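In the two complexes below, subunit A is the common chain; its partner is subunit B in one and subunit C in the other.
And then the complex of A and B:
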């Protein structure tokens, strides 16, 4: 029983991180109709930057967020303005996949070149600490990672719902032409949306660096589940992505008990195929998702 | 013959071609184009012969076994890229995960050879058919909606298969790999093996190219290209878009699996990491895009360039992380600056300098009457060349 409870808790903690990252991934799709393969590569890049920051300065990796979040936001805006917007609109979805894929390859290659392919891990004074909670044993770093993800997801939600920029962003997602008609500069908004998505990768990467071992090609293990999540949730729907992330993260964690870690990962792909067979627009996707 | 069978794409970029390419309105153009068409046909025939001779004479020109093995690898890439192009070129749906089908074909062939006493070549064919059958549900799931889900499923397929083939050790050999028995017995030495497999790959490539060419000229191919240009319009014109996409996808998976199976028989060893690798899938995309996805020989040209570059790089610098960066940069450059590929860029360059490349033809009334008479007298011949004006003219009229 306690094993079951432990898995549930771990699943929720994992699901929180998935939710934040999937929200970023679905945001790019919403504003630009772009499947951003490089999302998880930026995630690993940010994890490496956090690791590097800690080994060089000896400070807490969380402090690296002060630098990485603005840096990634700017990188996202530049990427949208300089690369994605150059593609022809007619083939944007397909070509953007290739473009972001090539960005992912360059990041992976540079990481391997600069930091070598060795597995890295941050050593922290509280790395081994854990909390007892109703018989479940929870590592403090996982809790911090979850807290970070939850706070950022909450902030993202507030930005989208309460600010004028968020309104403009949602209008751009829903109907770019109409948004342009009422005076929204959709190009600029799309750039900021991209920056916002990449900022989630910066936060997620730092959270990831806290409690896992990182290596350059790790990003392939993240992009598959994340893409499955955004399809299940409905492409372009942020609440859908968050809910699907929670459910699938929980499912993965529970399946690890009978099946082991490797086979438990297949739940994402099974969910992906089941969704496409039964409800191809995803479970929370609206009009937008039906056409893609 | 080929580029021109693409009038859909031409007419979008070039509104004038509509009026000038109508063969019935302007008989002068007809004879003009007829003789030019014959010359082009001849040139193409000669080009094809030269190409075939160059490819077939490669084994006897190769200085050592290593170069010969590089040739086999390049031909294998050419088969895979051409197979990929059945989906990518015709429908415009970019699959990053075709390594899934080549890997499955390789493992299916290997397992059939090991566990049954089938002839290796029958096993390869059977493996291809099995993969094609498997492609049906995958295609149904991924093609029901537009591009984005297709790409996501294609990547997911590679990741899931890598996972499965690494974990399922008792059948697939897991991470230790799987040794594939060779189809030729011990008496055939290494260089001889390479030579035979070179010709076998060339034969497979020829079949794939022939199929691509036949589809390109068919009504089916026109429907597929209509999907590529505008899926909504194609659907509204009555093209059964879903069925067409599905069939193209299955054909592509079949040839990719055959390519994978033949590679398995040649290389003799399979490791999931290399078989189900996103990188291999992206090689296919890069090769096709670089050569030109709308051209019959585009993927072959791309395979020769990229395959040679990859092998050269590996030989000079070893297996460093640099090849990822180089590959990424090259792909990015191709996508941003020449998404149409080398062959279309070259042919437009040639057209620019060709003497016929003027939109206004200066023909006097007398010449016109003369040509009309000539046209009437060889009316039968004209019927034969009826297809030619659409072929050569839109390009001429472009300027």
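And then the complex of A and C:
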């Protein structure tokens, strides 16, 4: 029983992290129909920046967010304006795979060149600390990562729902032509939307760096599960991605008890196949996603 | 325009010079098997491709060994000369390299390449020509089950035997003090699993109950659930068949669940200099097997470390040591038998001698079973007072084994 409860706790924490890491990915697709293979490479880049910040200054890695979030936002806007927007609209989705794949390779190569292939981990005084809740241990670092996920997803939700920029972005997601007709500068909005997605990668990468060992090629292990999450959740739907992330994270954690690690990982791909066969628009998004 | 023409002529002249000298040098080396010239040793190594890092390490070890031998009177009074080809980490290439070395270049002896995947095809070629084949890397079981009667692995132990000294030490305890339960988690990789399951077999024979037995794929990023299973079992011993990042992530995940084993052993990772940086001061008491350490006081090791460090500026690591060991093993056979030529009779004598005898090397005394498995075990290291030290076997120990691991 205690193992079951502990696994539920771990699964929820893991699901929260997955939700944060997947949020940006679904946003790019929603805004621009771009498949952003480099999203996980940016996660690892931000994780490296957090590690580097901590080794150089000795300060807590969370403080690196003050620099990385604006930096990634600007990088996202520039990447959209200078690279993605030059792809032909007719083949955008397919060509964006190639383009962002190459960006991922460039980031991986740069990380290897600058920081070497040595595997790094941020040494935190509280890395092994945990709180006890009804017999289950909740690791402090995982709780911080979960908190970061909750706060960022909440903020993202508020931005999209309550601000004028958010309305414009949602209008661009739903119907770009109509949005242009009512005077929205969809190009600029798409750039900001892309920047917003990359800003979540800065937060996600820092959350990831708190509790894992990082190396330049690590992003290949992440992109598969994250893609599966956003398809299951419905491409373009942030709440859908969050729900799918939570369910799959919890499912993975619980399936490990009877099946072991190797088979538990397949839940992502089984869910992906099932979604594509039964409900290609995704379980939680679909038409609803159009209205956010 | 005229300048270009000159350049072209120059390049042509240079190219033909190179071709000529190339032919000449290969002509002279093939006549080197008559007994008086240098002893040529043919080697193919992965100097580019997947295994280029360890491949270069092995190359440094071989070259240091050859220089050392030549500075100290040579082998049978003759100089040794290495002929090293690059197989690009490619299994087809490595076979044709050894064909060429034996057939065209007429080398007197061959040394093995790096890693199981290349050792197997290379050993097959050597076997076809009746050559002795001593190799510095290739510890997986499949190397020893192909029926090679000419192969010898120049390292202390195959993966399954890495923990033998630790198992012996546990067996020597009074029954009441032995651990009762053990948890195993291993990466799905022949080497990593071999180390953990080697210890598992020994502990199960002693009656230590296996309470967790997990295998995880190399791309595993989250170790929370594996750690939850181990923590829930409250096993006395935790054994990790690990490489690097998996061990670090697993240890942190176990600490987060407040699991305190009496004994914790992980392969590979703890001997990595990054390890204490990542884990911090909670490394105390963690055990790990190691095939080589510059501090080991086997005869000839101090000399090797000093010579190698002077030549390369850094102390040798395991790959370099295993290459040097390969040289020592072949040299011992050559000196004992008194021949070094490609003649099958001479090669067979070398093989027969190694089958029967023990050789003192920088990784300890080595002897082999009929399939070429070394019959030793790895040294066991442990973090004692914040530094990794040899604790087993007792005659090589730098510090006492901590049996009750402090809390991490």
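Throughout what follows, the second predicted complex is superposed on the first by the 286 of 292 C-alpha atoms of A that agree within 3 Å, B and C clash if a C-alpha of one lies under 4 Å from a C-alpha of the other, contacts with A are read in each partner's own complex, and residues count from 1 in each chain.
The rule we apply is simple: a contact is a pair of C-beta atoms (placed from the backbone, for glycine too) under 8 Å apart; a residue touches a chain by one contact, two chains touch by 3 or more.
Only a predicted model underlies this, so the values are computations on that prediction, with no experimental measurement involved.
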Which superposed partner A:227 touches (first subunit B, second subunit C, both, neither): first
Touch count on subunit A, higher of subunit B and subunit C: B
Partner chain in contact with A:36 - subunit B first, subunit C second, else both or neither: neither
First (subunit B), second (subunit C), both or neither touched by A:262: both
Which superposed partner A:3 touches (first subunit B, second subunit C, both, neither): second
First (subunit B), second (subunit C), both or neither touched by A:281: first
Which of subunit B and subunit C A:272 touches, first, second, both or neither: first
Touching partner for A:109 - first (subunit B), second (subunit C), both, neither: first
Partner chain in contact with A:98 - subunit B first, subunit C second, else both or neither: first
Subunit A residues contacted in one complex by subunit B, in the other by subunit C: 220-221, 262, 265
List of subunit A residues in touch with subunit B within their complex: 29, 33, 35, 37, 83, 86-88, 91, 93-95, 97-99, 101-106, 108-113, 117, 216, 220-221, 223-224, 227-228, 231, 235, 262-263, 265-266, 268-269, 272-273, 276-277, 280-281, 289-292
Residue ranges of subunit A touching subunit C (in the complex, touch as defined): 2-3, 6-7, 10, 13-14, 118-121, 123, 127-130, 132, 137, 139, 141-142, 211-213, 215, 218, 220-222, 252-253, 256-257, 260-262, 264-265
Complex contact set, residues of subunit B against subunit A: 92-94, 96, 140-142, 144-149, 151-153, 155-156, 159-160, 163-164, 166-167, 278-279, 282, 285, 289, 320-332, 335-336, 339
Subunit A-facing residues of subunit C, complex: 188, 214-217, 219-222, 224-226, 228-229, 231-232, 244-245, 248-249, 252-253, 255-258, 274, 277-280, 282, 408
